[in-house]
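In the two complexes below, chain A is the common chain; its partner is chain B in one and chain C in the other.
What follows is the complex of A and B.
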(Lines of atoms letter the chains of each structure in order from A and count residues from 1; the text may use other names and numbers.)
(Lines give C-alpha, C1' and ligand atoms only; values in the text may rest on other atoms or scores of the structure.)
Protein backbone atom coordinates (compact mmCIF):
# COMPACT_ATOMS: atom_id res chain seq x y z
CA UNK A 1 0.00 0.00 0.00
CA UNK A 2 1.42 3.36 -0.88
CA UNK A 3 0.06 6.82 -1.42
CA UNK A 4 -0.45 6.30 -5.17
CA UNK A 5 -2.76 3.43 -4.38
CA UNK A 6 -4.63 5.54 -1.83
CA UNK A 7 -5.19 8.06 -4.63
CA UNK A 8 -6.50 5.30 -6.91
CA UNK A 9 -8.85 4.03 -4.20
CA UNK A 10 -10.34 7.52 -3.79
CA UNK A 11 -10.62 7.94 -7.57
CA UNK A 12 -12.50 4.65 -7.90
CA UNK A 13 -14.79 5.76 -5.08
CA UNK A 14 -15.56 8.91 -7.08
CA UNK A 15 -16.19 6.80 -10.22
CA UNK A 16 -18.67 4.65 -8.32
CA UNK A 17 -20.53 7.71 -7.06
CA UNK A 18 -20.63 9.12 -10.61
CA UNK A 19 -22.22 5.92 -11.89
CA UNK A 20 -24.77 6.24 -9.12
CA UNK A 21 -25.52 9.82 -10.20
CA UNK A 22 -26.07 8.63 -13.78
CA UNK A 23 -28.73 6.19 -12.55
CA UNK A 24 -30.36 8.89 -10.40
CA UNK A 25 -30.44 11.23 -13.40
CA UNK A 26 -32.03 8.48 -15.48
CA UNK A 27 -34.68 7.86 -12.82
CA UNK A 28 -35.51 11.55 -12.49
CA UNK A 29 -35.60 12.10 -16.26
CA UNK A 30 -37.99 9.17 -16.67
CA UNK A 31 -40.30 9.88 -13.77
CA UNK A 32 -43.18 10.52 -16.20
CA UNK A 33 -42.33 7.88 -18.82
CA UNK A 34 -45.33 5.63 -19.30
CA UNK A 35 -45.77 2.80 -21.79
CA UNK A 36 -47.10 3.40 -25.30
CA UNK A 37 -49.61 0.55 -25.67
CA UNK A 38 -52.65 -0.15 -23.45
CA UNK A 39 -51.62 -1.83 -20.20
CA UNK A 40 -47.89 -1.53 -21.03
CA UNK A 41 -45.34 -1.29 -18.16
CA UNK A 42 -43.96 2.19 -17.50
CA UNK A 43 -40.32 3.04 -16.73
CA UNK A 44 -39.09 0.95 -13.79
CA UNK A 45 -36.84 2.68 -11.25
CA UNK A 46 -33.21 1.52 -11.38
CA UNK A 47 -30.98 1.02 -8.35
CA UNK A 48 -27.23 0.54 -7.82
CA UNK A 49 -25.30 -1.22 -5.09
CA UNK A 50 -21.57 -1.03 -4.44
CA UNK A 51 -19.06 -3.72 -3.58
CA UNK A 52 -15.37 -3.67 -2.73
CA UNK A 53 -13.51 -5.96 -5.10
CA UNK A 54 -9.85 -6.77 -5.60
CA UNK A 55 -8.28 -4.90 -8.49
CA UNK A 56 -5.51 -7.24 -9.58
CA UNK A 57 -3.88 -4.67 -11.86
CA UNK A 58 -2.85 -2.51 -8.90
CA UNK A 59 -3.14 -5.10 -6.13
CA UNK A 60 -5.57 -3.28 -3.83
CA UNK A 61 -9.31 -3.67 -3.35
CA UNK A 62 -11.32 -0.84 -4.86
CA UNK A 63 -15.00 0.02 -4.77
CA UNK A 64 -17.13 -0.44 -7.86
CA UNK A 65 -20.78 -0.77 -8.87
CA UNK A 66 -21.76 -4.32 -8.02
CA UNK A 67 -25.01 -4.49 -9.88
CA UNK A 68 -27.56 -2.22 -11.44
CA UNK A 69 -30.89 -3.63 -10.34
CA UNK A 70 -34.47 -2.48 -10.64
CA UNK A 71 -36.92 -1.41 -7.97
CA UNK A 72 -39.59 -4.11 -7.82
CA UNK A 73 -42.19 -2.01 -6.01
CA UNK A 74 -45.66 -1.56 -7.50
CA UNK A 75 -46.41 1.03 -10.16
CA UNK A 76 -48.83 3.69 -8.93
CA UNK A 77 -52.03 3.91 -10.95
CA UNK A 78 -53.27 7.18 -12.32
CA UNK A 79 -56.66 7.82 -13.93
CA UNK A 80 -55.95 9.23 -17.39
CA UNK A 81 -58.18 7.71 -20.13
CA UNK A 82 -56.62 9.84 -22.89
CA UNK A 83 -53.18 8.28 -22.34
CA UNK A 84 -52.17 5.68 -24.98
CA UNK A 85 -51.09 3.36 -22.15
CA UNK A 86 -54.47 3.52 -20.37
CA UNK A 87 -56.17 0.18 -19.73
CA UNK A 88 -59.87 -0.59 -20.34
CA UNK A 89 -60.83 1.18 -17.08
CA UNK A 90 -58.83 4.28 -18.03
CA UNK A 91 -56.00 3.76 -15.54
CA UNK A 92 -52.33 4.25 -16.47
CA UNK A 93 -49.39 2.61 -14.70
CA UNK A 94 -46.90 5.35 -13.81
CA UNK A 95 -43.19 4.88 -12.98
CA UNK A 96 -42.34 3.88 -9.39
CA UNK A 97 -39.93 6.81 -9.14
CA UNK A 98 -40.27 9.07 -6.10
CA UNK A 99 -38.50 12.33 -6.83
CA UNK A 100 -37.90 13.04 -3.10
CA UNK A 101 -36.12 9.71 -2.70
CA UNK A 102 -34.03 10.42 -5.79
CA UNK A 103 -33.08 13.90 -4.61
CA UNK A 104 -32.01 12.58 -1.21
CA UNK A 105 -30.03 9.84 -2.94
CA UNK A 106 -28.40 12.49 -5.10
CA UNK A 107 -27.41 14.49 -2.02
CA UNK A 108 -25.88 11.39 -0.48
CA UNK A 109 -23.92 10.64 -3.66
CA UNK A 110 -22.67 14.23 -3.71
CA UNK A 111 -21.62 14.06 -0.07
CA UNK A 112 -19.74 10.81 -0.62
CA UNK A 113 -18.09 12.23 -3.73
CA UNK A 114 -16.93 15.29 -1.78
CA UNK A 115 -15.56 13.08 0.99
CA UNK A 116 -13.45 11.22 -1.57
CA UNK A 117 -12.21 14.52 -3.00
CA UNK A 118 -11.14 15.65 0.50
CA UNK A 119 -9.25 12.41 1.09
CA UNK A 120 -7.56 12.80 -2.26
CA UNK A 121 -6.44 16.34 -1.42
CA UNK A 122 -4.89 15.18 1.85
CA UNK A 123 -3.17 12.22 0.15
CA UNK A 124 -1.81 14.51 -2.51
CA UNK A 125 -0.48 16.88 0.17
CA UNK A 126 1.31 13.98 1.83
CA UNK A 127 2.76 12.91 -1.50
CA UNK A 128 3.97 16.43 -2.25
CA UNK A 129 5.60 16.73 1.16
CA UNK A 130 7.36 13.40 0.68
CA UNK A 131 8.75 14.62 -2.65
CA UNK A 132 9.81 17.89 -1.02
CA UNK A 133 12.04 15.91 1.35
CA UNK A 134 14.43 15.71 -1.59
CA UNK A 135 14.97 19.46 -1.58
CA UNK B 1 24.86 6.37 2.79
CA UNK B 2 22.32 4.34 4.70
CA UNK B 3 20.49 6.80 6.89
CA UNK B 4 18.29 4.19 8.53
CA UNK B 5 21.15 3.30 10.89
CA UNK B 6 20.65 6.70 12.53
CA UNK B 7 17.89 6.69 15.15
CA UNK B 8 15.70 9.50 13.99
CA UNK B 9 15.88 8.59 10.32
CA UNK B 10 15.00 5.02 11.10
CA UNK B 11 12.02 6.16 13.15
CA UNK B 12 10.94 8.62 10.43
CA UNK B 13 11.17 5.82 7.86
CA UNK B 14 8.93 3.57 9.94
CA UNK B 15 6.50 6.35 10.73
CA UNK B 16 6.11 7.33 7.07
CA UNK B 17 5.56 3.70 6.11
CA UNK B 18 2.90 3.43 8.79
CA UNK B 19 1.19 6.63 7.66
CA UNK B 20 1.22 5.51 3.99
CA UNK B 21 -0.47 2.28 4.91
CA UNK B 22 -2.97 3.96 7.19
CA UNK B 23 -3.88 6.50 4.52
CA UNK B 24 -4.66 3.63 2.13
CA UNK B 25 -6.98 2.01 4.66
CA UNK B 26 -8.75 5.28 5.52
CA UNK B 27 -9.17 6.12 1.81
CA UNK B 28 -10.77 2.71 1.41
CA UNK B 29 -13.17 3.40 4.28
CA UNK B 30 -14.28 6.69 2.74
CA UNK B 31 -14.58 5.15 -0.75
CA UNK B 32 -16.83 2.46 0.76
CA UNK B 33 -19.08 4.92 2.56
CA UNK B 34 -22.10 3.45 0.77
CA UNK B 35 -21.02 -0.19 0.37
CA UNK B 36 -23.42 -2.53 2.17
CA UNK B 37 -21.79 -4.51 4.98
CA UNK B 38 -18.48 -2.59 4.94
CA UNK B 39 -16.71 -2.57 8.32
CA UNK B 40 -14.28 0.31 8.86
CA UNK B 41 -10.59 -0.55 9.15
CA UNK B 42 -7.64 1.10 10.88
CA UNK B 43 -4.14 0.19 12.03
CA UNK B 44 -3.02 -0.26 15.62
CA UNK B 45 -1.68 3.02 17.07
CA UNK B 46 1.91 3.82 16.18
CA UNK B 47 2.79 4.04 19.89
CA UNK B 48 3.07 0.23 19.94
CA UNK B 49 5.78 0.47 17.29
CA UNK B 50 7.40 3.37 19.15
CA UNK B 51 7.54 1.53 22.49
CA UNK B 52 9.68 -1.26 21.03
CA UNK B 53 11.94 1.37 19.53
CA UNK B 54 12.48 3.36 22.74
CA UNK B 55 10.90 2.31 26.06
CA UNK B 56 9.03 5.14 27.69
CA UNK B 57 11.11 6.93 30.37
CA UNK B 58 9.48 7.06 33.79
CA UNK B 59 10.62 9.26 36.72
CA UNK B 60 11.93 7.43 39.81
CA UNK B 61 11.85 8.67 43.43
CA UNK B 62 15.47 8.70 44.69
CA UNK B 63 14.76 10.59 47.95
CA UNK B 64 11.85 10.18 50.39
CA UNK B 65 11.45 13.98 50.36
CA UNK B 66 10.48 13.83 46.70
CA UNK B 67 6.90 14.42 45.81
CA UNK B 68 5.30 11.27 44.46
CA UNK B 69 4.43 13.01 41.23
CA UNK B 70 1.31 12.58 39.26
CA UNK B 71 -0.27 9.30 38.55
CA UNK B 72 -0.96 8.31 35.00
CA UNK B 73 -4.15 9.69 33.61
CA UNK B 74 -7.06 7.40 32.98
CA UNK B 75 -6.74 5.70 29.63
CA UNK B 76 -9.77 6.72 27.66
CA UNK B 77 -10.72 4.28 24.98
CA UNK B 78 -11.56 6.04 21.76
CA UNK B 79 -12.38 2.79 19.98
CA UNK B 80 -16.08 2.92 20.57
CA UNK B 81 -18.15 0.97 18.13
CA UNK B 82 -20.09 3.16 15.78
CA UNK B 83 -23.68 2.72 14.97
CA UNK B 84 -24.14 0.26 12.18
CA UNK B 85 -26.54 1.41 9.53
CA UNK B 86 -29.30 -0.83 8.22
CA UNK B 87 -27.15 -2.15 5.38
CA UNK B 88 -24.40 -3.16 7.84
CA UNK B 89 -22.00 -0.32 7.00
CA UNK B 90 -20.05 0.98 10.02
CA UNK B 91 -18.14 3.88 8.43
CA UNK B 92 -18.63 7.17 10.27
CA UNK B 93 -17.53 9.97 7.96
CA UNK B 94 -16.60 12.47 10.67
CA UNK B 95 -14.43 9.90 12.48
CA UNK B 96 -12.71 8.94 9.24
CA UNK B 97 -12.00 12.55 8.31
CA UNK B 98 -10.65 13.24 11.82
CA UNK B 99 -8.31 10.27 11.48
CA UNK B 100 -7.19 11.46 8.06
CA UNK B 101 -6.51 14.95 9.42
CA UNK B 102 -4.40 13.54 12.26
CA UNK B 103 -2.50 11.34 9.78
CA UNK B 104 -1.87 14.43 7.69
CA UNK B 105 -0.55 16.36 10.71
CA UNK B 106 1.72 13.49 11.72
CA UNK B 107 3.04 13.25 8.17
CA UNK B 108 3.82 16.97 8.12
CA UNK B 109 5.59 16.68 11.47
CA UNK B 110 7.73 13.76 10.31
CA UNK B 111 8.76 15.33 7.02
CA UNK B 112 9.58 18.64 8.72
CA UNK B 113 11.62 16.91 11.43
CA UNK B 114 13.44 14.90 8.78
CA UNK B 115 14.36 18.02 6.87
CA UNK B 116 15.48 19.82 10.04
CA UNK B 117 17.63 16.89 11.10
CA UNK B 118 19.18 16.65 7.66
CA UNK B 119 19.85 20.40 7.85
CA UNK B 120 21.80 19.83 11.07
CA UNK B 121 23.98 17.31 9.26
CA UNK B 122 24.60 19.83 6.51
CA UNK B 123 25.51 22.45 9.12
CA UNK B 124 27.92 20.01 10.78
CA UNK B 125 29.52 19.38 7.39
CA UNK B 126 30.01 23.10 6.99
CA UNK B 127 27.53 23.67 4.22
CA UNK B 128 24.74 26.15 4.45
CA UNK B 129 21.44 24.32 4.52
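What follows is the complex of A and C.
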Protein backbone atom coordinates (compact mmCIF):
# COMPACT_ATOMS: atom_id res chain seq x y z
CA UNK A 1 0.00 0.00 0.00
CA UNK A 2 1.20 3.48 -0.86
CA UNK A 3 0.92 5.00 2.61
CA UNK A 4 2.88 2.05 3.98
CA UNK A 5 5.60 2.80 1.45
CA UNK A 6 5.62 6.46 2.51
CA UNK A 7 6.28 5.32 6.08
CA UNK A 8 9.26 3.22 4.95
CA UNK A 9 10.63 5.98 2.70
CA UNK A 10 10.53 8.48 5.60
CA UNK A 11 12.25 5.96 7.85
CA UNK A 12 15.05 5.52 5.29
CA UNK A 13 15.35 9.32 5.09
CA UNK A 14 15.76 9.45 8.85
CA UNK A 15 18.43 6.74 8.63
CA UNK A 16 20.33 8.70 5.97
CA UNK A 17 20.31 11.87 8.10
CA UNK A 18 21.49 9.84 11.09
CA UNK A 19 24.48 8.59 9.09
CA UNK A 20 25.21 12.19 8.12
CA UNK A 21 25.14 13.21 11.77
CA UNK A 22 27.61 10.43 12.58
CA UNK A 23 30.07 11.91 10.06
CA UNK A 24 29.53 15.44 11.43
CA UNK A 25 30.14 14.17 14.96
CA UNK A 26 33.41 12.56 13.83
CA UNK A 27 34.53 15.78 12.12
CA UNK A 28 33.70 17.96 15.12
CA UNK A 29 35.28 15.55 17.59
CA UNK A 30 38.50 15.41 15.55
CA UNK A 31 38.80 19.10 14.66
CA UNK A 32 42.01 19.35 16.72
CA UNK A 33 43.47 15.91 15.96
CA UNK A 34 46.97 16.26 14.57
CA UNK A 35 49.47 13.57 13.53
CA UNK A 36 51.88 11.96 15.98
CA UNK A 37 55.15 12.08 14.03
CA UNK A 38 56.86 15.17 12.51
CA UNK A 39 55.19 16.16 9.27
CA UNK A 40 52.43 13.56 9.69
CA UNK A 41 48.97 14.17 8.19
CA UNK A 42 46.28 15.33 10.63
CA UNK A 43 42.65 14.14 10.69
CA UNK A 44 41.11 14.55 7.24
CA UNK A 45 37.54 15.84 7.11
CA UNK A 46 35.00 13.19 6.12
CA UNK A 47 32.09 13.82 3.79
CA UNK A 48 28.91 11.90 3.05
CA UNK A 49 26.82 11.79 -0.11
CA UNK A 50 23.38 10.30 -0.69
CA UNK A 51 21.85 8.29 -3.51
CA UNK A 52 18.33 7.44 -4.60
CA UNK A 53 18.33 3.65 -4.79
CA UNK A 54 15.58 1.15 -5.51
CA UNK A 55 14.25 -0.67 -2.47
CA UNK A 56 13.15 -4.03 -3.87
CA UNK A 57 11.24 -5.01 -0.72
CA UNK A 58 8.70 -2.20 -1.22
CA UNK A 59 9.25 -1.50 -4.94
CA UNK A 60 10.00 2.23 -4.71
CA UNK A 61 13.28 4.16 -4.62
CA UNK A 62 14.47 5.30 -1.21
CA UNK A 63 17.41 7.40 -0.07
CA UNK A 64 20.59 5.73 1.09
CA UNK A 65 24.17 6.73 1.85
CA UNK A 66 26.10 6.61 -1.42
CA UNK A 67 29.58 6.90 -0.05
CA UNK A 68 31.56 8.28 2.85
CA UNK A 69 34.41 10.18 1.24
CA UNK A 70 37.11 12.54 2.48
CA UNK A 71 37.62 16.26 1.94
CA UNK A 72 40.77 16.68 -0.19
CA UNK A 73 41.29 20.37 0.62
CA UNK A 74 44.61 21.60 2.06
CA UNK A 75 45.47 21.30 5.75
CA UNK A 76 45.94 24.70 7.40
CA UNK A 77 49.37 25.23 8.98
CA UNK A 78 49.72 26.38 12.56
CA UNK A 79 52.90 27.43 14.35
CA UNK A 80 53.28 25.10 17.34
CA UNK A 81 56.88 23.83 17.82
CA UNK A 82 55.97 21.81 20.95
CA UNK A 83 53.58 19.57 19.02
CA UNK A 84 55.03 16.11 18.14
CA UNK A 85 53.74 16.58 14.58
CA UNK A 86 55.62 19.87 14.08
CA UNK A 87 58.02 19.98 11.12
CA UNK A 88 61.58 21.40 11.20
CA UNK A 89 60.24 24.96 10.96
CA UNK A 90 57.82 24.38 13.86
CA UNK A 91 54.64 24.26 11.80
CA UNK A 92 51.90 21.67 12.36
CA UNK A 93 49.32 20.55 9.80
CA UNK A 94 45.87 20.93 11.36
CA UNK A 95 42.66 19.18 10.25
CA UNK A 96 40.74 20.75 7.34
CA UNK A 97 37.61 20.81 9.51
CA UNK A 98 35.75 24.11 9.77
CA UNK A 99 33.50 23.98 12.81
CA UNK A 100 31.12 26.59 11.35
CA UNK A 101 30.59 24.46 8.25
CA UNK A 102 30.02 21.39 10.43
CA UNK A 103 27.51 23.20 12.65
CA UNK A 104 25.59 24.40 9.58
CA UNK A 105 25.65 20.85 8.19
CA UNK A 106 24.36 19.63 11.54
CA UNK A 107 21.46 22.10 11.44
CA UNK A 108 20.64 20.95 7.92
CA UNK A 109 20.69 17.30 9.01
CA UNK A 110 18.41 18.19 11.93
CA UNK A 111 15.93 20.02 9.69
CA UNK A 112 15.88 17.19 7.14
CA UNK A 113 15.37 14.63 9.90
CA UNK A 114 12.48 16.66 11.32
CA UNK A 115 10.95 16.97 7.85
CA UNK A 116 10.98 13.17 7.55
CA UNK A 117 9.42 12.84 11.00
CA UNK A 118 6.66 15.25 9.92
CA UNK A 119 5.95 13.21 6.79
CA UNK A 120 5.73 10.11 8.95
CA UNK A 121 3.28 11.81 11.33
CA UNK A 122 1.08 13.00 8.46
CA UNK A 123 1.12 9.52 6.88
CA UNK A 124 0.11 7.93 10.14
CA UNK A 125 -2.65 10.49 10.56
CA UNK A 126 -3.99 9.77 7.08
CA UNK A 127 -3.97 6.03 7.72
CA UNK A 128 -5.72 6.44 11.06
CA UNK A 129 -8.36 8.69 9.53
CA UNK A 130 -9.00 6.13 6.80
CA UNK A 131 -9.38 3.30 9.32
CA UNK A 132 -11.77 5.46 11.34
CA UNK A 133 -14.11 5.42 8.34
CA UNK A 134 -14.69 1.73 9.06
CA UNK A 135 -15.88 2.41 12.58
CA UNK B 1 -5.85 -4.85 -4.11
CA UNK B 2 -3.40 -6.73 -1.90
CA UNK B 3 -4.18 -10.44 -1.76
CA UNK B 4 -4.64 -11.72 1.78
CA UNK B 5 -2.39 -14.77 1.54
CA UNK B 6 -1.01 -15.92 4.90
CA UNK B 7 2.14 -17.42 3.32
CA UNK B 8 3.58 -13.97 2.45
CA UNK B 9 4.92 -12.56 5.73
CA UNK B 10 4.99 -8.86 4.78
CA UNK B 11 1.27 -8.54 4.04
CA UNK B 12 -0.65 -6.08 6.17
CA UNK B 13 -4.37 -5.43 6.35
CA UNK B 14 -4.72 -2.40 4.14
CA UNK B 15 -7.88 -0.31 4.38
CA UNK B 16 -8.67 -1.36 0.80
CA UNK B 17 -8.25 -5.03 1.66
CA UNK B 18 -10.23 -4.42 4.82
CA UNK B 19 -13.24 -3.10 2.97
CA UNK B 20 -12.99 -5.94 0.44
CA UNK B 21 -12.76 -8.47 3.24
CA UNK B 22 -15.76 -6.91 4.92
CA UNK B 23 -17.73 -6.95 1.69
CA UNK B 24 -16.99 -10.58 0.96
CA UNK B 25 -17.75 -11.51 4.56
CA UNK B 26 -20.92 -9.48 4.43
CA UNK B 27 -22.01 -11.17 1.24
CA UNK B 28 -21.33 -14.65 2.56
CA UNK B 29 -23.17 -13.76 5.77
CA UNK B 30 -26.13 -12.58 3.72
CA UNK B 31 -25.96 -15.85 1.77
CA UNK B 32 -26.39 -17.60 5.11
CA UNK B 33 -25.01 -20.99 3.98
CA UNK B 34 -21.34 -20.21 3.24
CA UNK B 35 -19.93 -20.38 6.79
CA UNK B 36 -16.44 -21.38 5.63
CA UNK B 37 -16.07 -18.21 3.53
CA UNK B 38 -16.92 -15.98 6.44
CA UNK B 39 -14.61 -17.63 8.95
CA UNK B 40 -11.82 -18.13 6.42
CA UNK B 41 -11.81 -14.43 5.55
CA UNK B 42 -11.74 -13.53 9.22
CA UNK B 43 -8.95 -16.00 9.89
CA UNK B 44 -6.82 -14.70 7.03
CA UNK B 45 -7.22 -11.12 8.21
CA UNK B 46 -6.33 -12.05 11.79
CA UNK B 47 -3.36 -14.13 10.62
CA UNK B 48 -1.74 -11.27 8.72
CA UNK B 49 -2.43 -8.90 11.63
CA UNK B 50 -0.66 -11.34 13.95
CA UNK B 51 2.34 -11.53 11.61
CA UNK B 52 2.67 -7.74 11.52
CA UNK B 53 2.46 -7.71 15.30
CA UNK B 54 5.17 -10.33 15.55
CA UNK B 55 7.56 -8.36 13.36
CA UNK B 56 6.94 -5.27 15.53
CA UNK B 57 7.58 -7.42 18.58
CA UNK B 58 10.88 -8.69 17.18
CA UNK B 59 12.03 -5.14 16.36
CA UNK B 60 11.06 -3.86 19.81
CA UNK B 61 12.91 -6.73 21.50
CA UNK B 62 16.04 -5.87 19.50
CA UNK B 63 15.72 -2.21 20.56
CA UNK B 64 15.30 -3.17 24.23
CA UNK B 65 18.41 -5.36 24.01
CA UNK B 66 20.35 -2.30 22.85
CA UNK B 67 20.65 -3.26 19.19
CA UNK B 68 18.51 -2.60 16.16
CA UNK B 69 17.59 0.56 14.38
CA UNK B 70 15.17 2.91 16.15
CA UNK B 71 13.55 4.01 12.87
CA UNK B 72 12.87 0.35 12.00
CA UNK B 73 11.23 -0.06 15.41
CA UNK B 74 9.06 3.03 14.85
CA UNK B 75 7.95 1.84 11.38
CA UNK B 76 7.28 -1.73 12.51
CA UNK B 77 5.32 -0.62 15.60
CA UNK B 78 3.37 1.97 13.57
CA UNK B 79 2.43 -0.64 10.98
CA UNK B 80 1.42 -3.13 13.69
CA UNK B 81 -0.66 -0.51 15.48
CA UNK B 82 -2.46 0.52 12.28
CA UNK B 83 -3.01 -3.11 11.27
CA UNK B 84 -4.48 -3.89 14.68
CA UNK B 85 -6.74 -0.84 14.48
CA UNK B 86 -7.93 -1.89 11.01
CA UNK B 87 -8.41 -5.49 12.17
CA UNK B 88 -10.48 -4.36 15.15
CA UNK B 89 -12.61 -2.09 12.99
CA UNK B 90 -13.28 -4.94 10.55
CA UNK B 91 -14.00 -7.35 13.41
CA UNK B 92 -16.58 -4.97 14.86
CA UNK B 93 -18.19 -4.58 11.45
CA UNK B 94 -18.22 -8.32 10.87
CA UNK B 95 -19.66 -9.13 14.28
CA UNK B 96 -22.38 -6.53 13.87
CA UNK B 97 -23.19 -7.92 10.40
CA UNK B 98 -23.36 -11.41 11.88
CA UNK B 99 -25.62 -10.20 14.69
CA UNK B 100 -27.89 -8.52 12.15
CA UNK B 101 -28.30 -11.86 10.39
CA UNK B 102 -28.94 -13.67 13.68
CA UNK B 103 -31.63 -11.17 14.65
CA UNK B 104 -33.46 -11.68 11.38
CA UNK B 105 -37.02 -12.96 11.85
CA UNK B 106 -37.54 -16.25 10.07
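Note that the second predicted complex is superposed on the first by the 134 of 135 C-alpha atoms of A that agree within 3 Å, B and C clash if a C-alpha of one lies under 4 Å from a C-alpha of the other, contacts with A are read in each partner's own complex, and residues count from 1 in each chain.
The definition used in the following text is that contacts are C-beta pairs under 8 Å (C-beta built on N, C-alpha and C of every residue); 3 or more make two chains touch, one makes a residue touch a chain.
Everything numeric here is computed off the predicted structure, so don't read it as measured data.
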Partner chain in contact with A:118 - chain B first, chain C second, else both or neither: first
Touched partner set for A:108, first chain B, second chain C, both or neither: first
First (chain B), second (chain C), both or neither touched by A:130: both
Chain B versus chain C as contact partner of A:16, first or second or both or neither: first
Contacts of A:50 with chain B and chain C, given as first, second, both or neither: first
Touched partner set for A:92, first chain B, second chain C, both or neither: neither
Contact residues common to both interfaces of chain A (with chain B and with chain C): 1, 7, 12, 120, 130, 132-133, 135
Residue ranges of chain C touching chain A (in the complex, touch as defined): 2, 10, 12, 14-16, 18-19, 22, 69, 71-72, 74-75, 78-79, 82, 85-86, 89-90, 92-93
Chain B-facing residues of chain A, complex: 1-3, 5-7, 9-10, 12-13, 16-17, 20, 49-52, 60-63, 108-109, 111-112, 115-116, 118-120, 122-123, 125-126, 129-130, 132-133, 135
Parts of chain A lying in touch with chain C, wherever the complex brings them together: 1, 4, 7-8, 11-12, 14-15, 18, 57, 120, 124, 127-128, 130-135
Interfacial residue positions of chain B with respect to chain A in the complex: 16, 19-21, 23-28, 30-36, 38, 93, 96-97, 100-101, 103-104, 107-108, 111, 114-115
